[in-house]
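In this document, chain identifiers A, B and C correspond to the written order of the chains, with residue numbering beginning at 1 in each.
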Amino acid sequence: MNSVAQYFSDIFKAIRSLWKGLMVTGYYFVHPKQIVTQQYPENRKTLEMFDRFKGEVILVHDTDNTHKCNGCGICQLNCPNGSIEIITDSAVNEDGKSERIIDKHIYHLSMCTFCGLCVKSCPSNALAFSQEFEHAVFDRQKLTKVLNQPGSKIKKEPKVPKPAPAPAPTPVTEEVPNPAN
Amino acid sequence: MQEVELQDILTAREDGDYIINIGPQHPSTHGVLRFVVSLKGETLEYVIPHCGYIHRGIEKMCERLTYPQIIHLTDRMDYLSAHMNNEAVSLAVEKGLGIEVPDRVKYIRTILSELQRLASHQLWWAAFGMDLGGLTCFFYGLRDREKILDIFEESFGSRLLHSYICPGGLMNDIHPNFQKRTKDFITYFRKKLPEYDELLTGNIIFEQRTKNIGILSKEEAVGYGLTGPSGRGSGFACDIRKRFPYSAYDKVNFKEILYNEGDTWARYKVRMDEMWESMRIIEQLIDNIPEGDFTAKMKPIIRLPEGEYHQRVETARGELGVYIISTGEKNPYRMHFRTPNFSNLFVMNRLAAGFKIADLIAISGSLDLVIPDIDR
Amino acid sequence: MPFNIYDFSTTTKAVDEFLKANMSPTWAFITELTIVGLVFLIFYAIVGLYLVYAERKVCAFMQNRVGPNRVGKWGLFQTIADLIKLLMKELITIKKADKLLYNVAPFIVIIASFMAIAAIPFAKGLHAVDFNIGVFYMMAVSSIGVVGILIAGWSSNSKYSLIGAMRSGAQVVSYELSVGLALVSVVIFSGSMQLSTIVESQANGWWIFKGHLPAIVAFFMFLIASTAEINRGPFDLAEAESELTAGFHTEYSGIKFAFFFLSEFMNMFIVASLAATVFLGGWMPLHIGNLEAFNRIMDFIPPIFWYFGKTIFVIYLIMWFKWTFPRLRIDQLLNLEWKYLLPINLVNTLLIAFLVLMGWYFK
């Protein structure tokens, strides 16, 4: 008799446990407001990435087309997989001395792993991350970018004391047109 | 069911055996893992795991990188415990340099590890439900994981591969919203976690699918080096957080979840209970993050003194050991990772032989394998 | 042409008379067959496609998603786009597969489900054939499908397919018993195997209400057993995508795969409509005792809507089960049938026979 009671109590327990599960899915079925899907291409206009989002590395340019990069090459040294190449040139400055300037700051987006070491190690705070994330292209060549805009110059600043040892990446405040495209 | 050595199996294989390849492309191996399975009807005779399909030579690559650069490779081993992997290398390097990181860093590291553990267990729950055929679980798990990923993204810009914890501290300070968002998430998830139980844990079909399936005794768990939730499901008290506390784990009060059954159900329950414990740990720390620097004073180029260094941490899947041999250069002479999944994988034959095909999927799901972590 | 939405027999009679007046009886017969065939073919395609769409939407809402929403308004044409894609795909034939059986299998499966539609009474006077053994015919026809599945699994020359087919064989053979016994309970109640008679016997109340607890038990037994018989989750062991990738149709592609897929959904429709017909009164409106005004209002809703409403309700139940429960293991599946469903069903049938004998049910 005991086993018969066991048999039926098993059945009722089973039905109760199944009913609990059904209530969970049933609840969401009748509550479409709980839907969490973001409709991506439609919400492109309103979509805002977090300001620390690591989209791609950029060289921050001011409105007068100046940047802070002096071509020291520390980012190139720190990059673990060789996605940054610095080509320097020399120019004569106002004092009449020959000075190292940057010719091309080449960035291979296809190799970048977004570890953030270049941005962190840059002594003159010239690099930053942009929030651009739509990187799909039809030609791999397009992923190799020259970060300094044509005709851009190094920013002349009054002599500042040494920058902080590990500056936080500054959030980008302005939209920078992409020089490579 | 007698135990068969893998070598015996390989030699004893006959032409008449009904052998099936599960993987490398198979929906429930969660990556490029391959099981060679011999069947008698529906019953498994033996299971031979084959790994190495996603071997990238991370240990060898580490030998030519500096210590800060190594961090970004460790993300890519067990991508679901990225913070813990970063932390392991950072702790090993800090141990070698003999520096003490600020308390703020310790607290933040602990919180991040626990958030990562929550995210990892959510994904595991989602995938485990899907392995057993309950597809709805997958979406509920991912829905809640998304909230954690948003917290991560706001603070350090990436969702999966963070490279955030670095030798000496953190890459940058946490976002001002971090604490508020984390607390919001905990209140949200405390409401959602019982739903997981209603949908799957209490379900009679699920119970029958997992109870008394793939039983492993404590001795065998120790013998196979099974760590993490899978080991604790067999009663092996192997929680590094408790046994060898690092970061801020000695300051928090939490329970080491132990189940003695050793079956798939026990491994499942360990992870479910760990989610509650993780939330408890975060709640204890989140309001008490001390002020201070987010990094210790470090030299620009890190050179470890000559010697050998070892550090272990508890990732979401078990014990991760980092072993560094340094010759005093800025890059390691030899780097070795003792990854939890590698040890956990090779218990498959012991667990699954004698059960059905469907149980193989349940057992491999309960071990929570991440394939890039096995192959490195 | 007379058209009455409450009684389609006038329309069909008018068509019959029109054809007979214009051509010889043989040709009239052939034309009628062709018309019926075409109508069912179109019906089959539309219902199949929209069931796929419905399933995707239902599961999406249960999973906090929006589901297909790109092709057409609310993604209404999504499945049609999918069908066009499947039509254009290459038909891959496996080396060393049994060519004849491999090609025939999808047709067997789809023909079996096609034949079953013929006997369903959609509304008053709207069914193709009204056998006096309708219930028996449905049972017989629906079990042909498993032959197709077995052939598909065997002829694919793939180990995954073979396991899937063997599982399916064991499953369908055992669950057929429960389906049969659950249907027998209503046959005992109504005293007929003819589907139209069963429907008419429910004019004053559906069997699920009239038959007390035993009828409710029989309804749920039928629901569970038939879900298993049509290989749907949580009993979808024959395909079990997390174990066997796709089970018996692993090696099929293009339109042959579409046949398996479509017939699976149509089987669900057939099972649901059979459940609606036998237990929920088919096209009969809901009548409650002596509430004349209420009954009048219910009568105003055309039978075809009643029929489809009930069918959709049962289909929703089946989908709800699938998207909530994890899958069973093969031995548990057989345990469930032989240890629980079958004994309960036998006792239930006995009980119903006793109830009918004593007349202890609402007449």
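Before moving on, here are some points about what is shown:
The criterion applied here is as follows: contacts are C-beta pairs under 8 Å (C-beta built on N, C-alpha and C of every residue); 3 or more make two chains touch, one makes a residue touch a chain.
Since this is a predicted model, take the numbers as computed values, not measurements.
In terms of inter-chain touching, the protein chains here all touch one another pairwise. Every chain gets a centre from its CA atoms, and the centre nearest the mean of all protein CA atoms is that of B.
Set side by side, B-C and A-C show the greater C-beta contact count at B-C. Separating the CA-averaged centres of chain A and chain B is a span of 26 Å. Distance between chain B and chain C, defined via averaged C-alpha coordinates, is recorded as 46 Å.
Each chain gets one centre point, the mean of its Cα atoms, and the points for chain A and chain C are 53 Å apart. For chain A, residues touching at least two other chains, in rising order: 18, 21, 24-25, 36. Among the residues of chain B, those touching two or more other chains are numbered 136, 143, 199-200, 203, 205.
Multi-chain contact residues of chain C (touching two or more other chains): 62-65, 323-325. The part of chain C that touches chain A in the complex is made up of residues 58, 61-66, 69, 320-321, 323-325, 340. Here chain A touches chain B in the complex through residues 13-14, 17-18, 20-21, 23-25, 36, 50, 52-54, 78, 80, 113-117, 120-121, 129, 165-166, 168-169, going by the rule given at the top. On chain A, the positions that touch chain C within their shared complex are 11, 18, 21-22, 24-26, 28-29, 32, 34-37, 39.
Touching chain A in their complex are the following residues of chain B: 65, 68-69, 71-73, 136, 143, 146, 153-158, 161, 163, 171-173, 175, 195, 198-200, 202-205, 207, 295, 297-298, 300.
Taken together, the chain C residues at the contact with chain B in this complex read 59, 62-65, 159-160, 163, 167, 233-234, 236-237, 240-245, 323-332.
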